[in-house]
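Across the two complexes that follow, chain A remains constant while its partner is chain B and subsequently chain C.
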Partner chain A sequence: MVRVNRYFQDIWDTLKSTMIGMRITGKYLLRKPITVQYPDQRLPIPDRYRGIHYLEQEKCIDCLACARACPIDCIEMDAIRHGKELEWVSFTLDYQKCMFCELCVYPCPKDCIHMGTEFALVVEDRSELNYDLLSFKGMAVDARVRMREAEEKKKIKEAAKAAKAAEKAADENDGEKGSGSDGGGEV
Partner chain B sequence: MIQEQAQQALSHAVHPGSNVFVRILEWLPLPEWVPGWVITLGGVVIGMSIFLAVMSVLVMFCVWLERKVSGHIQCRTGPMYAGGWHGWAQSIADGVKLLLKEDTIPNEADRTLFWIAPAIVLGSIFGAMVAMPLSYDWWFGRMDLGVFAILALSSTTTIGVVMAGWASNSKWSLYGAMREAAQVVAYEIPLGLSLLAPLFVLGTFSLNEASAMQSGWFGMKWAIFTNPFLIPAFMIYWIAALAETKRAPFDLPEAESELVAGFMTEYSGIRWSFFFFEEYAAMLLMSVLAAFFWFGGFESPLTGALRASGVEETSLLFSVVCFGTVMIKGFVGIFLMMWMRWTLPRVRIDQVMTMGYKYLTPLALFCVLGAACWEALQHLIFS
Partner chain C sequence: MSNSTSDQALKAHEPSYSTEERRTLPSGEEEFFFDVKTSDLEVNMGPQHPATHGVMRVLIRCDGELVTGAQAHLGYLHRCAEKIGENVEWLQYLPYTDRYDYLAAMNNNLGYSMAVEALMPGFEVPRRATMLRTICVELNRIASHLVAYGTYGLDIGAITPFLYAFREREWIQSLFEKICGARLTYSYIRIGGVFNDAPPGWLTEVGHFCDVFEEKWKEYRDLLALNHIFIKRTAHVGVIPKDMAIDFGLTGPMLRGSGVDFDLRRDMPYMAYGEAHEAGAFDVPLGEGEKGELGDCWDRFSVRVQEMMESIKLVRWCLEVIEDGPIIGDVPKVLKVPPGEAYVGIENPRGELGHYVHSDGGKIAVRCRVRGPSFTNLSVIEELMVGTLLADSVAIIGSTDIVVGETDR
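Moving on to the complex of A and B:
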């Protein structure tokens, strides 16, 4: 008798548990999906997330502090100095090596390198992982303007200097001439 | 009374004559010298091509639906990109990918059997679909024993599956094939027995006639409403149909977490997609069969209304409504199958056997007996 009861209990349990399960999945079916269409939409990323760096190139002074702080030497930079202004050649970060430790961020005296929130390192070739963080090569427009202004000022200064020197020379010349004529008068 | 009912049903539902495309070819002004057999053959060929195309499109829709349903049950969205609107073209894209994929055959495989197996699987399931009328007027092979044809042909797929498993010369494939064989042997019995119950009620083996028998009550005299024993019979049929179509929770032949891909492990490309197609075609067939024998087939209040307003059953409008009705019912069934798939975990093989032999078979017998007694009582009381 117990076995017979067990048999019908099994049937009842099967039906019941199937119904309960289908009710749960049915609820999920009607719920709004929690996923987003990834490349088009993104879930918000925390501010302190350590993703791909971004560089405020205008502030950077090519001091190499970050490159020296990097424990795996993945930062390389190169710039030509024109007096106070910098002409950028490259500022590369090799993401094959980088471990996103954020140690490059703290020593920066100008606070110009930061960790960004972008995390997708999607490339077709390994060499493409050597990211150039420069938004432009060469010189910034304002830097060029500053440099030109400085050069112009310098030119004006030099011109003034030259003019002064010429005047002085002319004065001296005049003096010599005067003395010469004096001398001639004497002769 | 049952005799009268049957007579009445037959008089307005079953048209003598031929395949719908043969009729179209006969209607065309063809020259006199074209022999009759050409017309018949042409009608069959055209009919089968269109039928296969329609069924393939429906199957592709099923695949897309499965992915959407499974996605939403898991709080995802499923395919969203291909084709634009909710990834409607995903199945087409998949089909193209599968067509272009390399078709590999293992060195140690039995090449001939490996080639034949998917053809048998797909051929038998589409062969079974021939017995499925699309409306009272549209059909391809009129079969008075349509249920037998469908059951016989749809279980022929097992031969193809076992063949594929054996020919692959792989442990996983063989395990899958053996499981399939055991499972189908176990579940053919409750499937056939549970189908017997509505057959008692409707008194016919033909799908067309079964639908016509349920045309009373303004198209709502569905078999399941007329006999209480048909409700458990339907449940048993449904479980057995899940096992027959190798759907979860009975997807032991495939069992991707244990057997790689079961009997399909060594298949790739288009040959693999044949098995995939077969699964969804079998789902469609089983749902439509349930619709015919439990849920009124072509009959719905809409067809009832059309009939009441005097629309002829041979008219195009009526045929379209019939086809739509039966497809909606079929897709509700398919949705139910998907819902169950994403609800229940896969059962063990011994549990499958226990369920088939110890529970479903005796219960199906009980349902048959009950349905027969109920009909006899009705007959005694009302006649």
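Moving on to the complex of A and C:
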């Protein structure tokens, strides 16, 4: 008898809890869909999102602080120094390795590497994931102008220096000659 | 211990063979009798099986529907996380800690950071950082328990609660996305404090989340935890008595489900938990054998469901006491940790997550070792599954709430 009672009790309990479940799901039946149709509609991405990096190349001083901070050595940079100006060869970030941990952003002394909001890493071949963050290679136009100006200034300075040295030498020579001539009294 | 027990069980189920019998029927036909040859069947559950929650293989030996032995085979997700810790700088190891228990990355960050901070004498984390840490860790605990809740339903055969659980988990993830920029591998809690301060309006949104979650939590309870079919599948299944739980070194909800009152947050307080407990901000829910026996699968599940609510209380308390201030202590960019060794255990959603670090005063750890709760909790299934039905083995594995990334590391 107890078994029979339990049998019917089970059926009743199951029906009851099914109805409770149906009530909860039923509440959401007439709600508007919340699905976002991805490529057309997009959810807002927060400012701090850790996506693909972007580099403020003008600020970068090629100090390798970010490359040293990277746990998996995925940042590589190469630049030729012309005095104070830099001639960029490459600044690559290997997104096959990168784990988007943002550790490269904090040690930067010039605050020039940031993580952007782009996240789609869709390529046809793996090798394309080795991104070059440089917007231009070689030297920027204004950097070249600055370098040329600096070189010209340097040339002028050197010329002035040389002229001064020559003058000084000439003066000394004159002085020697003068002392000689004074003694001679021929002129 | 588990091996000897399963051997005994195997001996008890030695296959019995009988000889072939033959008799002649009155009609003149011959009839053969074969006793069905019974031998144990070995079934591979995994490596790719939806109920193992990752790449794990359980070798189950069964006699018909009865499980006579089980053995967990690990290592499919081994990534040398501990060895990497001995090859990269202190701070550089932080992103790797995200990746062993990927459902509770904040907790892993915290455990490692606290272990390194323990090596720095006299170092104190600023108060605002402590509070932000506590909020993030507790939100992460809710997110992790929501996955445990959803996937356990999925194992048992209920698909709807999984989708409901992921709705709130998604909200928590977007909260984390706002504060640190990542949705799963946060690297937010850093040696000395936290990476970023909370953006404007973030704390208000967390408060709003707490209000909404309280309502939704009742839905979770009614939808799955108190569902009669679910109770029938989980109550009286996989019972872990108190002694057995302690013997196997279980921690977290697995231990508390068996009625052992032990929670590191309360018994060995770290960060703001001691203060929070004094203020009565949280209780430690225990299994009570409400629907079946003490320590069955339902009790463990119920402890997780109740802990979500305790976490909400803790977050609320933190939001009340949080004040402005610095978010990171004075930590040099190139960190050199004084020589020494430290072990710090924290309460992960799955149990005690311990980090042991050993420094010789350099930039890199000499030894870095992790005590993962999932790994220890998993050891009990070999014992639990013997003598149960094959269909219950899924319920038992699901109730341990393992993350395979952490058992293998």
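As a convention for this text, the second predicted complex is superposed on the first by the 121 of 187 C-alpha atoms of A that agree within 3 Å, B and C clash if a C-alpha of one lies under 4 Å from a C-alpha of the other, contacts with A are read in each partner's own complex, and residues count from 1 in each chain.
Here is the rule we use: a contact is a pair of C-beta atoms (placed from the backbone, for glycine too) under 8 Å apart; a residue touches a chain by one contact, two chains touch by 3 or more.
Everything numeric here is computed off the predicted structure, so don't read it as measured data.
> Please work out whether A:Ala120 is in contact with chain B alone, chain C alone, both, or neither, and reply first, second, both or neither.
neither
> Looking at chain A, which partner touches more of its residues: chain C or chain B?
C
> Quick check on the superposed pair: does A:Ala169 touch chain B, chain C, both, or neither? Answer first, second, both or neither.
The answer is neither, since A:Ala169 touches no partner chain.
> With the two complexes superposed on chain A, say which partner A:Asp10 touches: chain B (first), chain C (second), both, or neither.
It touches chain B and chain C both.
> Which holds for A:Thr25: it touches chain B only (first), chain C only (second), both, or neither?
A:Thr25: touches chain B and chain C.
> Scan A:Val145 for contacts with chain B and chain C and give back first, second, both or neither.
So A:Val145 meets neither chain B nor chain C here.
> Name the residues of chain A shared by its contacts with chain B and its contacts with chain C.
The answer is residues 10, 18, 21, 24-25 of chain A.
> Can you list the chain A residues touching chain C in their complex?
Touching chain C from chain A are residues 10, 13-14, 16-18, 20-21, 24-25, 46-50, 69-71, 99-103, 106-107, 115.
> Spell out the part of chain B that touches chain A in their complex, as residue ranges.
69, 71-77, 80, 235, 339-340, 342-344, 359, 363
> Which residues of chain C touch chain A once you look at their complex with the stated criterion?
88-89, 91-96, 98, 160, 174, 177-182, 185, 187, 195-196, 199, 219, 222-223, 226-229, 232, 333
> Note which residues of chain A are touching chain B in the complex, please.
Of all residues in chain A, those touching chain B are 7, 10-11, 15, 18, 21-22, 24-26, 28-29, 31, 33-35, 37.
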